[in-house]
Structure formats: C-alpha cells, structure tokens
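For reference, the structure is listed below as structure tokens.
Here the chain labels run A, B and C in written order, and each chain numbers its own residues starting at 1.
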C-alpha cells in the first residue's frame, strides 16, 4: 500500500470530526471518497497533509509512519494536495503559483523540471495563455486548474484532490475529471474527495463513503455506483 | 527546529496542556467549593475580605509591607491601578477592543480636575474636588466618544495604533499648552473634602490612608456597576462582538454603537481614576501620563486575565505593587518584570485568573495546532 | 506658513532623510505583520540593539567620540564594518525575540493580545537590560562622516550624509524587494503571507519562513540603526521607543504588510512631520505625525498603498 490510514481520530476543539477512519490507497489507483457536506472529508485530507493534528491512529506512507510529520516534509515525501476552495496565491501570477508548487524540489534548474512545467501547461492550455495574470483575477475554473497544476509541480506520488468540481459549470466538470484520469494514467496516484458522486465513482478504481466522520461503505467504483443506498443518498435516484 | 517526527514536541505540547488542566482544575475547584458554601457564609467571607482590605494600611502585614516606600502610598497606587484596570477591562476584556492609549483618558480626567479645581490654573474657577469629578468623568467620556466615533470602524490592529497616538496627543498637548501648565504642570489641585472633629483635613498629604480608603470604596462601587453591566443586554452584546464581530452584526447587534459604549464607559472610568490621582497628588504634570503607563495598563489587564474582574484587579495589583515591594532591587525590577511578563504569558496565556469562557476558547485553540503547521 | 515657504526645500531634504530611517524600521513591522498578522512591539528594541552593535564596532576599531576620520576610503571601511555589525546585532536579536517570546505562543495558538504582552515584556527586558549594562545616559557616536554640503537642491544644501542615508535606505529596500520577488525563500515568505495553509501544502516550512522574516526585518532595522547613529550621533537604552512608534505609524500609513507601503509611509511621515512642524511649531511635531495617521486611516483605512505582502506584489 502506498498510503495507509488506520483508525484515525481528529478533533475540532471538543467536537470529534473523524472517528476511527481507516482507508488505503494503492500505487496507481484513483480512490474516491464521497460524502455529504460536513462528513469529514476535507478534515481527512487536511490531516493527511499535516494541517490538522491527529489525536489517535496512524498514517503510513510507503511503509513509513508519518502521523506526526511536519506539513512541509510530507510534500518532500511525495504527498501533494490541491485544497478545497482553491487556495491559490492571489498576489502571485500563474507562473509564480506554479513555481511555488515546485518549492520543495531541489532540481529547479533541470530538464525534468522544465518538462514537468510543460506537462502541466499541456494539461491546462488555459494556464499557458494566462501565465502573467495574477491568481486573484482568474475565473473559478482557471483557479481550479491552477490548484491542480500547482500540486502536480512537486511531482507527487499521491495527489490529494479536494472537491475539484465545486462551483464549476457542467462542461468544465467533465473536463476536470478527464484531466484527473489523464494525470492518473501518467502515473500519479489520486485520492479524490468529491460531492459529485456520479462523476467521481465512475472514474474511480475503488471508493469509500463517509458519513459524520466515519467510513460507512467501501468497494469498487462500479459496485458503489450500483449500490441502492448510495444511489439514493448521493446520486439523486429514488 | 529540525525534529522530523514531531514526537518530542508532541510530548511538550501535552505537558503544557497538562499544566493548564491542573491549574484550571485548581481554579475550578476553588470556584466550585466557594459556590457550594451556604449563602450567609459566602457573605461573611466577602465581608471579612472587605474589612481586611480596608484595614491593610493599619495592620501593615509583615511580609506584604513595603520596606522602602510608604505602605499607604503603595496601597493607594495599587488601588488606583486596579481602578484603571477595571475600566480598561471594559474595553479590552469585555468588548475585545485593543486600546493602547488609555492613559489619555486618565490624563483628561486628571487635567479636568486640575483646570477646574485649581485656583492657579488658566480657568482659575477653583471649584471644589467633588464638583470637578463629574466634570472630569463627563469630559473623559466625551473624549472617548470623539476618539471612538471615527476610529471604532477601523480594524483591531489599527485601533491599537490610533489609540496609542491619541494617548500621546493628549500628553503632548499638555506639554505644549500654557493653558494646561505646559511641562511644569498645574499646582494647587483641591483634595477631596472633609474635616476631622479636631478640624484637620481628612484628605491631606499627611494622611494617605484616607485616599486609599476612598479609592477602595470607589472600586467597590465601580465593580458593582460593571458587574451589572456585564450581565445585562449590553454585556452580552459585547461578548458577541468580542467572539465574532461579523456574526454579531449579522444577528442584528448594532456593533458600532456597543463598541462606542464600551469605549465611553471605559473612558469614564479612566477619567474617574485620573480625578482621584489629581486629588491625591495636589499637582500634576505631563510626566505622569507617559505612553509607558498605557502599556502597563494593558499588561495588567492581560496578565491578570482579560474579562475577569478579579483577574484584572490581581494583575493591576501585581504590576503596581511588585516593583515597589522589591525597590531594593531598584535597578533590576523593570528588567525582571519584563522577563516575568514573557514567562507568565507563555505558561499561562489566559492570565493569572482567567475568564472561564476565554480559558475554554484557548484550550480549544491549543488542541487544534498541528505539528509544524 | 511663511517659514514653511521660505525653508520648503530645506525641510524636504530633512524630511526625506528622516523618512528613510523611519521606512527602514517600518519594514520590520510590515514584514512581521504581513506574515503573522501581529504587531511586533519589540521591534523598537531590535533597532536599539543595532545602534549599540554599530557603536561597539566603531569603538572596537579604535574610534571614539573625538576621533577624526579624514580619508574617504577609511570612512567607507569603518562604515561597512559598523553596518554589518548593526545588521548582525539587530537580525540576531529579532530572531531570538521570535524564538523566545513568540514561537512558544504560536505553538499554542494563543490570541493576539497575548503576543502583544510578551512583546512588551521582551521590549522592557531588552531596554532595561541595556540601561543596567550601559547606564541611562547618551553615548556618543564617533564622527565617521563630517557632513559637508555637496550641492544645492533648489535653495537647500544637501550634505554627503543626507545622500548616504537616502541612498542606503533606497538600496536596502530595493534589495529586499528583489529578494522577495525573485528568490525561492522570498517567495516562500510571500506565500505564507498570502495563504499559510496553501504555503504548507507547497512544502514551505512555516517556522523557517517566520525566522527569516524576523531576520530580514532585523537587518533592515540594523541598517536604520547605523544611519541613525551617523545622523544623530548618540544612542541610549530607550532610543528605540519613539522611533519605533513613528516607524509603526509609517508602516500603517503606507499600508501595513506592504513593503513599498513602508517606503512611501516612511518618507511621507518624514515630510509631513517637517512641513507640519514648520507651520505649527516644532514642539507639535509628534502630534502632527499622529493626527496625519488618524486622518489618513479615516479616509483610507488600509493605508496609502493598501495592505498585504501579497496584493501589492511584493
């Protein structure tokens, strides 16, 4: 297993946000985590990136215990996140934002680095057009692309995506999910958190369903798409 | 910091939390035991405390007494400091507004008494002290409204610097205005009234204890008023503003108006303290109103525990009393005081006697800190 | 008013040199505010330590208040050593202040007010520490540069010292600005200022960035310290206090958190103070400064250039 989470508890003050969450992501997979608003999905990703303290349980990455690892070192290990609500740097232009993504890399003058840069701009031609534009002035869709592209710039082994489709037009959503698949095919493992269950499940190898801080269901993406309870709760089918 | 697994720091954090829990537990158990006592016993206890406070300058308790300065003067200074802290606590502790120029209101109060009371002032009205006090309160309150009106809409950090500027403006105006006695100040300020049976004045330089008793009485009255205010609709609005101003605004709390009230009430208490100060001193000059005092006032409130009346009084007494008690170390006292401020705040950021709600907020915040985040 | 018009250019030159010193100190407030959103009240003492660093370096090289430095190359040598000493003293002090007074609180996520109190504590301890060590009287700086009029700017005489102060300040600020925009570490600082969580997700070590921020602010204060020593010729334990208040005013005036704002705010404050005191009398100088601040904030609550290390692109 590339990423193994077992029995994780996380608290916000006195409120328990995660209750004994266990989840694993294997090398090369797209794993999806679906759940309603406030189920704890974002909290889990924040804990995985080291932005949120863990009270109990362990997180193992490539066999190494990283439960209490510092946030910045996790990026060096190969965990990268495109956060919810985008979190781009508004006062930096597109180019600088992408370069920030490669902050932890030591090979910033190398050919590999430039290739990664071109690869990201290849995935998101819109970003190439707007290289000098400030992050704060981009449209929602462009900001989302920038967040994902920026996360890729660190050459992650696993990419954590938090609600990449949020607030986007249907056509853009399609496009973003296609790109996520493309990224995965190019060799990056993806842990995708989504409310858009239809899209997310249909592209995932495996998936988990989260409710009020706990994992309540898991299975292959297809199996969960066909699951009547999932259908009713998350796919809007009665 | 190069530890990569955060383990030791995690333990450190837990240890710090442990300290907090134990001390909070200590405070809580005293509080619970106190409230468990029958009402008459509590009243008696309070009464005994009040009596002891009044008798302090006569008992001259052995360890407390200051060897190098007059104990009565030190007690008066501490009481005055406590009164100032109670007033500033309305602004900082209750409404959550950072005022770094509180000495300005204290100065307005003192100068009002001086200008209206002293026959030597430019006005020369020579009103008695008791007439000057309401004028002082009114004028400092007015100063609070004039300063607060345009500035309370600003964000917190800006309020800090603007108030700091205000405190300096008041002092520099006094330094530069002949009408206010300039750098030399104003003499001949009346003392509070009253004669003993033998015809001598109750309040005179020879009898500092009387000033201490007066200040103590004023404190009790003000504490009573502030407590009532705290539990009223106004107090709850302040609480809402302090915790989340935007949310309070959305819930329909007229935040600006309540902030202005907090400012004005705080200013009035500051002015009252200033008038006591002037009445005790008999003369004032701008050196009594340096910016450093504003900073010490804030330190008293936060050190004691912003929002908790007993806490801020304790903080004030600590700040006014300790340097006097240890005058023997005169050269080192402020240096040590500075270090003590850092150490106390690191180990007890909620203050010596914290406001319960604030302590809880802080405990919650500590829990949430991620390693290296 | 007449006095202002007659001496307008003279006042302008004085205002700009004083403003340059304000601006350099203001950078320290603005950097820390930009990254941590807190007012580093101990920064005035960071500056004070810098003046002593410069003084000790000059004395260490055998100069005293009566020395006469005649050759220009010797003067430059002395100045460079003293400037480095001041920058080192201030920079290290700033980093230590962060470690001792702020980091333990950050680890516990304490409210802003508490930071203010530890800052006040650090400030008192440092200035009193120096008072105990060095006494409470002024200590004179050796005269390294004897001010000589170089040229006339309209009817104002501009001395070599004026030029040195102004240029040094501009060069230091330009270097800082470039560092922030061009280097990886500088971008790390900007990233933390704009979005701390996202910065951590990029692999930015927040603690290191914060130390760096204090170090940079300290170095700028050190630069201001040597210039102050040259301009005013004396220092003592409480030299930082009034200057700190003024510099902070300058930072807010220009737009706190904004590097270029610190420059604009510093120069503006220097000019306004000098013009203002020409009109209403020099004893009102400080009042003019504070009133300007209040008026500017009333009409432009985020300062002249607006806030944030991010939005103003540096």
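Here, a contact is a pair of C-beta atoms (placed from the backbone, for glycine too) under 8 Å apart; a residue touches a chain by one contact, two chains touch by 3 or more.
Note that the coordinates shown come from a computational prediction; the quantities given were computed from them, not determined experimentally.
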Two chains share more C-beta contact pairs than any other pair here; which two are they? B-C
Going by C-alpha centres, which chain is most central here? C
Name the chain whose C-alpha centroid is most distant from the C-alpha centroid of subunit C. A
So how far apart, in whole Å, are subunit B and subunit C when each is placed at the average of its C-alpha atoms? 32
How many angstrom between the C-alpha centroids of subunit B and subunit A? 51
Distance from the CA centroid of subunit A to that of subunit C, rounded to the nearest Å? 43
Tell me, which residues of subunit B touch at least two other chains? 368-369, 372-373
Touching two or more other chains in subunit C are residues 197, 200, 205-206
Among subunit A residues, those touching two or more other chains are 50-51, 70-73
Hey, which residues of subunit A end up touching subunit C in the complex? 49-51, 70-73, 75-76, 80-81, 83, 87-92, 96, 99-101, 103-104, 108, 134, 136, 150-151, 154
Could you list, by residue number, the parts of subunit C that touch subunit B in their complex? 33, 37, 39, 100-101, 104-105, 107-114, 116-118, 120-126, 128-129, 131-132, 197, 200, 205-207, 241, 245, 248-249, 252, 256, 281, 283-284, 286-287, 289-291, 293-294, 297-298, 301
Name, in rising order, each residue of subunit C that touches subunit A in their complex. 184, 187-188, 190-191, 194-195, 197-206, 308-313
Please name which positions on subunit B make contact with subunit C in the complex. 1, 9, 13, 16, 92, 98, 150-151, 153-158, 160-162, 164-166, 168-169, 172-173, 175-176, 291, 295, 298-299, 302-303, 306, 331-332, 334-335, 337-342, 345-346, 349, 361-362, 365-366, 368-369, 372-373
